[in-house]
Amino acid sequence: MNENYPQILEEIYSETLGLSGKGKVAAYIPALANVNPKRYGIAIQTLQGETFQIGDANIPFSIQSISKVFTLTLVFRELGEALWSRVGREPSGNAFNSLIQLETENGIPRNPFINAGALVIADCLVSHSPNPLAEIVNFMRELSDNPEINFNEAIAESERGTGFRNAAMVNLMKSFGSVENEVNAILDVYFHQCSLMMNCLDLAKAFLFLANGGVNPWNGRKILTSSQAKRVNALMQVCGLYDDSGEFAFTVGLPGKSGVGGGIVAVIPNLLAICVWSPELNERGTSLIGMQALELFTTKTGVSIF
Amino acid sequence: MNENYPQILEEIYSETLGLSGKGKVAAYIPALANVNPKRYGIAIQTLQGETFQIGDANIPFSIQSISKVFTLTLVFRELGEALWSRVGREPSGNAFNSLIQLETENGIPRNPFINAGALVIADCLVSHSPNPLAEIVNFMRELSDNPEINFNEAIAESERGTGFRNAAMVNLMKSFGSVENEVNAILDVYFHQCSLMMNCLDLAKAFLFLANGGVNPWNGRKILTSSQAKRVNALMQVCGLYDDSGEFAFTVGLPGKSGVGGGIVAVIPNLLAICVWSPELNERGTSLIGMQALELFTTKTGVSIF
Amino acid sequence: MNENYPQILEEIYSETLGLSGKGKVAAYIPALANVNPKRYGIAIQTLQGETFQIGDANIPFSIQSISKVFTLTLVFRELGEALWSRVGREPSGNAFNSLIQLETENGIPRNPFINAGALVIADCLVSHSPNPLAEIVNFMRELSDNPEINFNEAIAESERGTGFRNAAMVNLMKSFGSVENEVNAILDVYFHQCSLMMNCLDLAKAFLFLANGGVNPWNGRKILTSSQAKRVNALMQVCGLYDDSGEFAFTVGLPGKSGVGGGIVAVIPNLLAICVWSPELNERGTSLIGMQALELFTTKTGVSIF
Amino acid sequence: MNENYPQILEEIYSETLGLSGKGKVAAYIPALANVNPKRYGIAIQTLQGETFQIGDANIPFSIQSISKVFTLTLVFRELGEALWSRVGREPSGNAFNSLIQLETENGIPRNPFINAGALVIADCLVSHSPNPLAEIVNFMRELSDNPEINFNEAIAESERGTGFRNAAMVNLMKSFGSVENEVNAILDVYFHQCSLMMNCLDLAKAFLFLANGGVNPWNGRKILTSSQAKRVNALMQVCGLYDDSGEFAFTVGLPGKSGVGGGIVAVIPNLLAICVWSPELNERGTSLIGMQALELFTTKTGVSIF
């Protein structure tokens, strides 16, 4: 089927360009607000080693919440099932930055992909890693097979300057005793992971281990067990797109994760990973063109896990 | 791989019997409360026409919320995408019978598998079918290839006598204008569909069209388009087990639907449908042994959509 | 101070007429929607037997939620402190017709003046009275010293035809076991009490026992003990105007009760009761002119309980 | 009636001592947890200059949330009605430290007596005062006619060390733009005001201006206009005891304010102020003996605003 990917990417690209201008670029920090809204790239990385791309697939962008999959992976690998006493694995039914459930459910976040859950994961990293930022960045370099990956300190700094909602969450969890470390230490990890700069191809490569039974295809290292990799995929399927998770399962039918930088990555187990980037978001913070492109991709290829 | 199913069923059965006594049979109506809590059956129906079963797989039980998949199918087939203006397709994050989201979201239920959503589906059936009860029962007979399927009028009557929470929901939706018909007409359909009596084999057979691209394998009739069938599977994956949906995706990794009668049905696209029945429920209303049995099934067979 | 009341009423009347047209008449039933929005009356009844009135003080209107004070009084007299196991006495912080708190607080309404609480009171009346409707209407005739008071059956019927939200509440409470009687029997009492037709003078007279230590001034009969009368006043102060209760305490500073028919009654203990009627409501369902008139009344007279 | 106060205080004291041991001392900071739970004092200060007291009325304690009345007074005097664009004046219906309403109501607290509201008031002080802490402490010395009043720095420090919930609130409000200053500057004022050490007599004296039309009786200075003083009383009546506000209005019938240090102060307009201190709290954070003592006080004296 692979021979069709270039053609399919062309079709998707031309059929979705018309959506440009219908969404809104995230504007809460200048570094995101200043992105050219017309940027649009797609990259596919197959398990057989083929790479397909179109548009701005080589321009790095702020991966934002997509980073939550990687920090979850690091902590899941470290803590195993013990992790699930710290964070749930159910969809939240609330906005990604809501404090309501946190208050009514004793400070335990519903899942690792809403902000509160990712902050608990960051707290675990602070507890278990001598240098969490180095661990994250090295992990990203390994997974994407790209030693150039790095944080964008200006973005991390901007996040800190406006991240009162996340600070509220950490403080609320601290009041429940559900995080262990200093508020600022946790936030520092979180704001940095959100600032990671990667392009579509980097992200497609970096997600490929989840299509590969947990094994990093670039060096053969076992990142997660096969069972754990399946479970991360399952979590992405159920909670990976916040309040668009049902919509994404319904229209795209693949495990995936989005970020407010405009990226969405999806996984087809045993086959490939695909990343789309277009900064204009719908009302729920999902890339408008990205979602449409992935729907077209599964429609045109006939691929679905369902 | 099929040759192993009898052996796998034996193993699952013996490994899960020890959980007996740890859950609680649904007690809100006598017809459910009086079920023998030790009942336990499993049935597998493959697309290749093979049937495997163990235990009480031939004893009919009240399918309860599993019926929501069938009424959704009937209405989805009838209304197509127009259906989604009436009901959402996101996980709710709340209990299956909560009215809170309904109040804060203008009477539009989050998805067709929480009670409020199923009541909207029942309302659609009342509007579009000259005889909704006959349509449902005939549909079940066709899907399960069993002309004996029927409602249990005593259960339907009991449901009506205690169904104040469902009556509250319909009235609340009526106040928002999100249902069209008389409150009692809607409830009558709903209480009847919950009372359908089917056994594990009936249910495994009746779900097989969802593993078969929407085509009823027993008569070759197209029930849903292939795309629609995938979408029903996706919805089951994300919302099929209420507040256990994330847990079910995480541990079992298959689209499925549960009922408080103790049944759970799961679908492996292009392969089979499997139904487990054990009436003892966990705190979230899911069959305790059923969930464990399905987790073992995917572990032992290595089958997963992820 | 009494000699000033006619002058004060004149001033209030002329100073508030300009607000006409800024609110919205309740429109959920025709009988309310068809009221002339320009109607405006005020009546004062003092303990010394003096009566002052201006404008449309003799035109009966639908008292709606003001009736909740009377049914509470009937049930409080009958059950005494035992009543408070059935309904709370705290402000709700939610809209008068919200089901959210009811769901999260096990079906026990926060206070007797939100709809759910009044429905519990109606349930008590059904349980304890051989003929609740007759008891209510006779009580109103006694309190207002007017044998002509009656229900408006057309309004009661309209309420029933649109009262799905109230039906939802009763059903939800029924599911929690917090009401005892048939849903329709409870609603019948509630819809009738809301339909009572009284004019400003009737209502000022009917509230006077609450300024009089619980004694009906027209026949000397003890309706409530002095302590109970104070407590009903305290409840009105804290919860009598739904989400405007704080605002009303702040700007008017008197115990009072409003209805969506546009009436507001307030009590000055040991002195008088005053009723204003103007059908145009603010966003929280309180008479816009009525609230302003009462603020002017306490400002001009210097009277306040604080 | 004054001649009875000593006798009445004796009676109250002996009738309520039996409740000792039924509540729980606030334990979230050592300085509060270490208070002798048996402490119990009452002080009355009348407008006629008489003072009555019993028990531990001269032992200073941490006034905690009672301080909110004083900071509100300072800011209300400064900003006048403009204050109410920053904070509401409705009961919250939620716990004093809940973030839920804050999230759903765009960061505007319901009233100045829940924590979020008091933090907005603290923010106003930081904005408008060159030295907020000095202003607060000087104000307390003036109002209580006691130049010894001071903060307890150890308590303020403890509050800071455990005040994650309050930090969460300020951060959440900061994310909505509803506070202007640095998070720590706001919290510093708040934690200090809570640490003020005053005894029953100090507090009875310091509240007397609210019974005196806004005029400080010790130096004749107008603190608030008469109308403003009434309004502060009205707010205390409706929201002064958090989730016990309705209960307090119902059983005591006076405007009042409580703190988790175990103090409750109540005002009888034009007559007196009374303060009770007993550190054992009920489940809603109100002094158990304090509430009972005030109920007995109004019962025995027959005094009530209702």
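Per-chain numbering from 1; labels A, B, C and D assigned in written order.
Methods note: contacts are C-beta pairs under 8 Å (C-beta built on N, C-alpha and C of every residue); 3 or more make two chains touch, one makes a residue touch a chain.
Here the structure is a predicted model, which is why all the values come from computation and not from measurement.
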Copy pair chain C, chain D: interface residue numbering same or different (half cut): same
Chain located farthest away, centre of chain D as origin (C-alpha): B
Geometric centre distance via CA averages, chain D-chain A, whole Å: 47
Mean-CA-position distance for chain D and chain C (Å): 32
Inter-centroid spacing, chain D versus chain B (mean Cα positions, whole Å): 55
Contact set on chain A toward chain B in their complex: 88-94, 101, 110-111, 227, 229-231, 233-235, 237-239, 243-247, 249-251, 253, 255, 269, 299, 304-306
Residues of chain D that touch chain A when the two form their complex: 98-100, 103-104, 164-165, 167-169, 171-172, 174-175, 183
